[in-house]
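The following pair of complexes shares a single chain, chain A, combined with chain B in the former and chain C in the latter.
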Partner chain A sequence: MKSKAEVVVIGGGSTGTSIAYHLAKLGVDVVLVEKGYLGSGSTFRCATGIRQQFTDEANIKLQRYNIERWKKLSEELEYDVNFKQTGYLFLATTEEEVEAFKENIKLHNKFDVPTRLISPEEAKEIVPPLNVDEFLAGQWNPTDGKANPFKTVFAFARKAKELGAEIYEYTEVIDVIAENNEVKGVKTDKGTIKADVVINAANAWAPIINEMVGLDKEFIPIKPYKHQLVKTEPLKEGQIDPLVCPPAWNDSYLLQDGEDGGVLCGTGLEYGPTYDMTATYEFLREVLKWATKIVPALKYAHVIRQWAGFYAKTPDSNPAIGKINYIDGFYIAAGFSGHGFMMAPGVGEAMAELIVKGETKVPLDWDWYDPHRFERGELRSAAFQIG
Partner chain B sequence: MSEKGEKIICRCNDVTLEEIEALIDQGVTDIETIKRLLRVGMGPCQGRTCIPMIVSIIARKTGKKPDEIKLPTTRIPVRPVPAGVLVGEMDEE
Partner chain C sequence: MRLSEHPILNFERIRGKEVTIYFEGKPIKAHEGETIAMALYAAGVKTFQHSIEKHRPRGLFCAIGKCSSCLMKVNGIPNVRTCITLVEEGMQIERQKEKPMLPKTMKPPKWKEPQRIEADVVVIGGGPAGMMAAINASDAGAKVVLLDENPMLGGQLVKQTHKFFGKREQFAGVRGIKIAEILQEELKKRNVEIFLETSALMLLQNGEEKLVVGVKKNKELVEFKGKTVVVATGAMERMIPFENNDLPGVYGAGAIQTLMNTYGVKPGDRVLIVGAGNVGLILAYQLYQAGVKVEAIVEAMPKIGGYFVHAAKVRRLGIPILTRHTILRAEGNEKVERAIVAQLDEKWNVIPGTEKVFDVDVIALAVGLRPSIELLHQVGCQIKYVPELGGHVVIRDSRMETTVKGIFVAGDSAGIEEATTAMLEGKIAGIGAALIAGVASSEWLKKIEEAQKELEVFRSGPFGRKVLEGLKKVVVK
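And now, the complex of A and B:
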């Protein structure tokens, strides 16, 4: 293990590996440490969705940029991450929701996201087995998509290493060393690494790292909430290609996995705060109740897997991204509240540029994601969650 | 022709011995990563067929003892169940 680096990244999920890759690309001597295997925290448990359809300017702009990054990511990393623009389809069950959709669409269109209102008939053309009788309209953006989280993390890590980064799996940070409010490195269970810059990309575990450096764990109040997914046996592709979600049905959603066509089914039932990752029977029943209402034919599909992971939630469901002013050299990109994977390319790029150049060309609104907003009692409008 | 693609290890997702060995040769020796990159053990059989064979392949190629290789988590349900049964609208076949 190296005993010294310019930057240490804590956390080997999509965010951490993306930061490490972008730093290495800028010629920085970077080390990443991950307490499990890469992706084992939240990335490998996610629903694979990538969307621009948020309800506020900051997230829409960041995601509009990220879509462009995702489109070129396989080529850039020289590894196929299986990004597909299969769209996101939200469905309205009441007139009130239809009106809200129209407002969302105006906002999306203002920032060059081509969302539009579609009829139930058109929705059925896009998702043939959809139970359209229940829905009044759809909010449809064909440029949203999905990618393979396993391959994405692997590709970021592989390229980062090629560019000189060191990555240590099964290496747990046990202390972050700070002297006179300046970061000096990290102590791990495998040895100490000196560094003047440390980035907390531990997402659900970020408060534990913050405490190590001497910050109050409520300073950035990230809490782990257990969410789950159920997957069916592989089905013929092209039936539920987009992520389909009627928000009024407990934020339930489904989409076909871009790899094997199995249907991933999620719903809003969450548990926590907790670090327990046991799947629950209650969830299995609940999610399938909604999934078979959205696509009745799913009754005949066999369920083959169920697992849990965390939404590392902040009070406003927006991540904390940026510099911690109290400790020189300490940065955070955590608390993604379910959106870490979709945001990873742009967030990694912005963090790397912030550290190296002090500014970034990524349209990331530092004020919006300011890690200090919670102590000031400022909350953003809650980022629209789901997939 | 070589024997490329002839020895299927994961029957659910059609993964061959050669693909697994190639990944290990690239330095990917963690069963958790092999599982996710090749989707072995993630099909309807839940790894019953392939995981023991993959453990022995890793052991053979890396010199580890099979009992040093931690098995991936077994997921619910243990065997495939139609969604309709789980929502109480269908009897199991």
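And now, the complex of A and C:
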């Protein structure tokens, strides 16, 4: 293990590996440490969706940029991460929702996201087995999509290593060393790594890292909430390609996995804050009830897997991204509230540029994601939460 | 082809009323009580599906619902395990050639509250271990419920036509099929509630209780709540790598037994058996009883692994046992037509020029089993890899309780052994489960000790040595 580096990234999910890759690309001597294996925290447990359909300018702009990054990511990393623009389809059950959809669409269009209102009939053309009887309209953006989280993390890590980064798995940070409010490195269970810059990309576990450096754990109040997914056996592609979500039905959603065609089904039932990752029967019942309402033919599909992962939630469901002013050299990109995977390329790029150049060309609104906003009591409008 | 004459078995007894099922639109005669796969096989259908990526033909492999080789579309519903689903009049059965489409339906299901069953002890699996666990838990005073995903009780006993060894109280001299009947009768006497065709798909801690989520007949949800659970889910047949090992005609030894001994369906005309352990040897004899020719048994080890008596019987029939031989590949168009075997040197390399060709239509793999531990793993039992016991197994104490309090294990799911030890372990686990459930008096501890002693004696022979080595690694005080 190296004893010294310019930057240490804590956390080997999509955010951490993306940051490490982008730093290495800028010629930075970077080390990434991960307490489990890469992706084992939340990335490999995610629903794979990538969308631009948020309800605020900052997230829409960042995600509009991210879509362009995702489109070229396989080529850039020289590894197919299986990004597909299969779209996101939100469905309205009431007139009020239809009105809200219209407002969303106006905002999306303003930032060059081609969302539009569609009829139930058109929704059925896009998702043939959809039960449209109870829906009034759809909010449809064909340029949203999905990618393979396993391949993405692998591709970021592989390229980062090619560019000189070191990645240590099964290496747990047990202390972040700071002297006179300056970061000096990290102490791990495998040895100490000196560094002037440390980035907390531990997402659900970020508060633990913050405490190590002497910050109050409520300074950035990230809390782990257990969410779950079920997956069916592989099915023929093209049946439920987009992510389909009627928000009024307990934020339930489903989509076919871009790899094998199995249907991933989620719902809003959450537990927490907790670090327990046990799958629950309550969730199985709940999610199947909603999923078979959205696509009735799913009653004939077999569920072959169920698992849990964390939404690392902040009070406004927006991540904390940026520099911590109290401790020189300490940065954070965590608390993604379920959106870490879809934001990873742009966030990694922006963080790397912030550290190296002090500024970035990524349209990332530093004020909006400011880690200090919580202590000032400035909450953002809650980011729309589905997958 | 259905067997009608057999020196030991009487199939007319199990064959119910004649029904008609439709395979790709063609009518096929079947009998109530038969599974879809068995009825198709009897009618000469050996290819059940085509693989989704390379569209290779696939036939049976395990025939007990554990692999996914026999998935077919039944009445429009994809991926049905045809080996454990019973035929029904008018059933429409189709091969799947690619990833399936969802059936065309737009009617959301009516959500019905599931059936809820409460018991002191829930037993998952109705083989020798599970049945003994249920019988003994019930005798110790527990209210017991037992579920099994197969359409009949007995587990692998229902295909064992040979007589058992051991002591009289361990059913020495009794055929496996008969033991299954005896245990079933005992269960009946004790009022143990039994759910067949019911798969356990989840095992959870539910506060102080355990919850087993079951699905009956592939559609109906059933919740089993118990103070304790005995997991006796058996084992899954191993596959070995060789060219074309997925051709229809390459079957697990157990699948061949299911065909001919449980349902009276002739598996083929000429068979090559891979593996000369007890299963391979017994299978050879059973095939002979069913009127099927066994061309040879190949065994990679330098000597026969099974009991001498079984080997002697096979030798007397004139079946060659080729030790230090392995299978190189299967050949055939859409199904097995030939098997190519060759001799191995001391470093397990194939000796060139020793290839032999056997014109066979069935290759039986009797190359070992691995414990079915999925539910135990899911509920959080500590797992350890122990090759002597067949692979990953759970840590447990001498009363078969796992590291999750109130969850017990017995039989092959605890480690690969055989039916006699499975029954003894089942007895221990069943009583242990009743004790932890708080319904059995402490006098029952004596019964556990007795069974532990019997196990010890049974394992003291040369064939128990390997198992004992394995047990040292997983049994904690």
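Quick note on the criterion: the second predicted complex is superposed on the first by the 387 of 387 C-alpha atoms of A that agree within 3 Å, B and C clash if a C-alpha of one lies under 4 Å from a C-alpha of the other, contacts with A are read in each partner's own complex, and residues count from 1 in each chain.
In the analysis below, contacts are C-beta pairs under 8 Å (C-beta built on N, C-alpha and C of every residue); 3 or more make two chains touch, one makes a residue touch a chain.
The model shown is predicted, which means the values in this text are computed figures rather than measured ones.
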Which of chain B and chain C A:237 touches, first, second, both or neither: second
First (chain B), second (chain C), both or neither touched by A:284: both
Which of chain B and chain C A:154 touches, first, second, both or neither: first
First (chain B), second (chain C), both or neither touched by A:142: neither
Touched partner set for A:298, first chain B, second chain C, both or neither: both
Partner chain in contact with A:268 - chain B first, chain C second, else both or neither: neither
On chain A, the residue positions that both chain B and chain C contact, one per complex: 233-234, 260, 279, 281, 284, 289, 292, 298-303, 306
Chain A to chain B touching residues, read off their complex: 37-40, 44, 150-151, 154, 169, 232-234, 259-260, 279, 281, 284-285, 288-289, 291-292, 298-307
Chain C-facing residues of chain A, complex: 129, 131, 133, 233-237, 239, 260-261, 278-281, 284, 289, 292-293, 295-303, 306
Chain C - residues contacting chain A, complex: 52, 76-79, 98-109, 111, 201-202, 204-206, 211, 213, 223, 378, 380
Interface residues, chain B side, partner chain A - complex: 13, 30, 32-33, 36-37, 39, 42-44, 46, 73, 75-77, 80-84, 86-87, 89-90
